[in-house]
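Look for chain A in each of the two complexes below; its partner is chain B in the first and chain C in the second.
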Partner chain A sequence: MRSELTGFPLVKTLLKNRWPQLLVWFVMLAGFLFAILSGFFGTPVGNRNFGIVFVWIAWWAVLILVAVPFFGRGWCAICPIPLPGEWLQRGAIMDPPGKKPRWFNLRWPNRLRNIWLQNLTFTLVALFSIIILTTPKVTAIVLAAMLFLAIGMSIVFERRTFCRYICPVGGFIGLYAQAAPMELRVKDKQVCLACKDKPCYNGSEAGYGCPWDVFPGGLTKNTYCGLCMECLRTCPYDNIAINTRPFSADLAKPSTRMDEAFKAFIMLGAAMIYAGVFLGPWGGLKLAAYSFGSLAWFGYTAAFLVFIFGLLPALFLGAVGIGKALTKATITLKKSFTAFATALVPLGLMFWVAFSLSFVLTNAAYILSSLSDPFGWGWNLFGTTAMPWQPYLTTLLLPLQTLALVVGLLWTARTAQKAGTEVNLSPIPVIVFSTAATIAMLGLLL
Partner chain B sequence: MKRSELLSRILIVAGVLIVLAAPFAARTIGAQGVVEIHGRMAESGGWTPSTIRAQAGVPLHLRLTSDDVMHSFAIGQSDTPAVDVLPGQMTEVTLTFDKPGTYTYYCTRWCGPNHWRMRGTIEVTGDDFASPQPGTPPLYMMLNLDIDATHPASVTPIGFPDAQRGATFSTLLPVNYMSLDYYRSHSPAQVVQELRADPALASLSNSDLWDLVAYIWQTNTTPEGLAEGQRLYAQNCAACHGETGRGNGVFSADIHALAGKYPANFSDPATMLGAGPALLQGKILRGGMGTGMPSWGPIFTDQQTWDLVSYLYTFQFREMKK
Partner chain C sequence: MSKKQWFFVILVVLTGAVIVFAPLPVRAAPPTQRTFRVEAGQFAYAPAVLEVNPGDTVTIELVSTDVVHGLYLDGYGVSVTADPGQTAHLTFTADRSGSFRFRCNVTCGALHPFMIGKLQVGPNLWLWRAIALTVLAGLAILILHPSLPKAQAS
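For the complex of A and B:
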């Protein structure tokens, strides 16, 4: 069922050559800086500010509706955030890496070699999302902070530690990339084992060692491969391939990591809370989420954290425990928990798709007006500034959202079934949990 | 360094510089000769800038935008129509002032509890160096009225006085009660007492006399004046005083929280009929009174103020508009 995309000479040339990627990077970097600039100096009115409209409507729509479901970490391949730091780190953009490191080149601490920090950064962004998503200046601060943090970390640490361990977006992209029908893998593992210098990891004249600190020969899932294409450039044996594959391919082998399991809960819970706060009719809830520092905000924060880190995992643990009791399996509860949490990946992804459809279709009209007047300074670059706001595809919205949720539930049920077979446990309680969560999400979206 | 490295560096550095510099360069060029005004709710700063300088006879180009909610831009004591100021969008206006002076610009949208504080001034200078002629003080000042004092009506009618019915007794009414000066300087309660004491009207009941008062108030305005007063009231007063004049407008609770008092209730005869037009003129022009009432002196023309005063009495007198 796999088909090698790099088997097409044109695709391979485009991916191996640095220029196409650099040109896309350049456009992305320009857009990214423009978004920061408009956030700081443009109108504070969110729906008329390029930073808000292009980051949280246009980019988010492309990311969650197209890039992640179909290309996995495809966005990471062209994300501009690591570019300036990496230039500093390597001392070059295109030239081969030098023999000696230019900066501190420290290894990332072993204790932090997981995605707990990403769980934390995403939770923080999610907690403040109603402020970030509506206030251009705050969006600009967050984007600039990510850029400067990435630069700073590139100087202190080796490779792309920001992307791998800190980026709040990278964490969930990695999780959901497991479901994507695209992958980077080696063609023959034996070739990698026999390879002496491992230039894909260590770098060579042809390119840089894996910025994501991954040895491609050991890749079994998409989670931590950033699709930067360096290994495609450095492999002397032409042993790297970009393949299309069936959806969900990586999920057949359940995760054993608690950090990844909690990422699944954070994403699932955040999607439900977002649906309530952003789309729900509860003005008090919106105000509580917005009024940073107020008593209501602390209440909202407590509820947010308890729901994501307490209630959802506890209910899920209960479901897993029932499944364990039903089958009288010997596997530990922790292993069952992490294994079944993998099944929540499709559910969470489709929750986000359903939620995003709503606000993307409602707010997409702002993209054209913001394109003509990105700062709200009265420009009319493309003659679309005065385009009136109107929601798109309103009649299709609910059917599409329902379809997304149903597909997510069926997909999760199938994944849970596979995970159940793998760990010899009944998946039924987990499927019941997922069904209840889906009904709750449907209720929030309706 | 390879050529590709050099090229890529040039591309990125030049690109970044262009992205950073181009918007500001374009803005600087486009902003020449134009004053940009940002509107925010009064709590967040009101108009920025709040003072603009202009030359009499020279067009003043303004670009208006709102940083929060919808506002509207109007010039006090001017016929220039108000323009809406939309969030994140620019509205361009060109004004030309014929005479030097200080003009007030203000918001006409109910944008927040302190909407009334959203004001700024345009200082218009000109070649006319002649010292301005001192104007006539407003009537309430000439009458030396204390607009901060309470003004209970010594007598009140039963029911609503009817101007149309009052017209049927108008032939009995001595002409001195009909003059504009008399009307403006007396409260309805004062007038009804003077009518009661007048032997020429001895045959009329108290209710008839109240109808006559309503008639006097009607004859000192016009349907057009009342229509203008109604428009001004709806635009500027109803948010606090309420559409029915009961002091229960949408911001009344906020006003109470800010000033400790509810806005004046024009439907209450015990206070409203104790206030004459000149007293109401003073309250409108100066504002204050410890109630959070703004000053409308720089906003309304003299005629607009009197039209508004006339309209306020429609909350007491029936059939005034006919």
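For the complex of A and C:
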């Protein structure tokens, strides 16, 4: 069922050569910096500002509807945020790596080698999202903060520690990349075992050691591989392949990590809260989420955190516990919990797809007008500034959202069954939990 | 998959099609004239949910309480704009059943894209169909793959 894309000479050449990636990077970096500039200096009206419209409507649509489901960490391969820091760290943009490490080159602390910090950064962004998504200056501050934090971390630490341990977007892309029908893997593990210098990890004259701190020979899932293609360039044995594969191939082996389990709950819960706050008819809820510092905001924050970190995991734990009781298994509750949380990956992904369809189709009309007048200064570069707003494909929206959610449930149920077989537990209560969550999401969206 | 399993899958798909497309008996109230006074203020409508019967002639009196607001009704494609303190009228026949979002179509401030209300024409049948489809999907996969844990399977 796997097919090697790098088996096609043209694909391999395009991926191995640094120039195509560099050109895309430059375009992305220019767009990113332009989004920051428009946020700071453009109109404060969100839906007329390039920064808001291109980041939260155009980029988000491409990311969640195309890039993540089909290419996994494909976005990370062209993301502009780590570039200035990485170029500073290496002291080069294109040149082969030098012998001496530049700057401090410290190892990231062992205690923080997990995605708890990414869980925290995503939760913070999600908590303030109604402010970030609607206020150009706040979007600009968040984007600039990510850029400068990535630069700072590149100077102090080795490799791409920002991407691997801090980036709020990278955390959930990694989680959902497990479901994608694409992967980077070694062709023959024995070749890696016999390889002495491990240039894929340590670097060589052909390229840099893995910026994501991953040894490709040990890769079993997509979560932490950023598809930067350095190992494709450095492997002296041509042992790296980009493959297409069946959807959710990585999910066959359930996770054992609590940080990854909680990432699944954060994403699932945030999608449900977003559906209520952004797309629901409850004005009071929107104002509570928006009025930072008010009593209502504290109430919203408390409810947000309790729902994501308390209620959802507690209900899920109850479901897992029932499954454990049904099968009288000896496996610990913690192991069962993390194993079954893996099954929530497809459900969460499809919740986000269903939410984003509505969000994107009703706001996509702003893209063309803000392209003509990115700062909201009255420009009309392409003659589209005055294009009237109108939502697209609203008659198809409900069937598409329903389809996404039902497919998500089927996919999750099947994954839960496989996880159940792995850990010797009944998946039925988890499937019931997922069905209830899907019905709740349907109620919020329809 | 075995023949039996394929047969089951086809049966589930057909059941799903029935759930989605089968006409359902809905008690039809005689069409009437309905008028709603809807206050629009940053960034909500009051009332935010309007319920009418299919065939009703609906008039929305949109009153803006602060800045200029609009109301665009998804699915019907009709809209109206109200200046502050003024009342604007929108009249249409509710000839499409289901749940429809209405939203502000005049940029009115930070949360403008999320200023949303809901018009319910008759019962929300699509929601019930979607729920039935979801339950069917959950049951189908349990029947198709009973997935007994290894210990019990052996």
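Rule of thumb we're sticking to: the second predicted complex is superposed on the first by the 446 of 446 C-alpha atoms of A that agree within 3 Å, B and C clash if a C-alpha of one lies under 4 Å from a C-alpha of the other, contacts with A are read in each partner's own complex, and residues count from 1 in each chain.
Note that a residue touches a chain if its C-beta (ideal position, glycine included) is under 8 Å from a C-beta of that chain, and two chains touch if they have at least 3 such contacts.
Nothing here was measured: the structure is a model prediction, and the numbers come from that model.
In the superposition on chain A, A:Ile428 contacts chain C only, with no contact to chain B. In the superposition on chain A, no contact is made by A:Thr301 with either chain B or chain C. Contacts of A:Arg18 after superposition: chain B is touched, whereas chain C is not reached.
Residue contacts after overlaying the shared chain place A:Lys286 against chain C, while chain B stays out of touching range.
When the shared chain is aligned, chain B and chain C each come close enough to touch A:Asn47. By the document's definition of touching, of the two partners only chain C reaches A:Pro391; chain B does not. Contact with chain C, but none with chain B, is seen for A:Leu410 once the two complexes are overlaid on the shared chain.
Counting the residues of chain A that each partner touches, chain B and chain C differ, and the larger count belongs to C. In the superposition on chain A, A:Thr438 makes contact with chain C only, not with chain B. Residue contacts after overlaying the shared chain place A:Gly420 against chain C, while chain B stays out of touching range.
Shared interface residues of chain A, touching chain B in one complex and chain C in the other, are 45, 47-48.
Contacts from chain C toward chain A in the complex involve residues 43-46, 48-49, 72, 74-75, 98-99, 101, 103, 105, 107, 110-118, 124, 126-127, 130-131, 133-135, 137-138, 141-142, 145, 147-152.
Of all residues in chain A, only 18-19, 22, 26, 29-30, 33-34, 37, 41, 43-45, 47-49, 83, 87, 92-95, 373-379, 385-386 touch chain B in the complex they form. By the touch rule above, chain B contacts chain A in their complex via residues 1-2, 4-5, 8-9, 11-12, 15-16, 19-20, 23-24, 26-27, 30, 63, 65-68, 87-90, 92. For chain A in complex with chain C, the residues that touch the partner chain are 45-48, 130, 134-135, 277-284, 286-287, 290, 327, 329, 362-363, 389-391, 394-395, 397-398, 402, 405-406, 409-410, 413-414, 417-418, 420-421, 423-428, 431-432, 434-435, 438-439, 442-443, 446.
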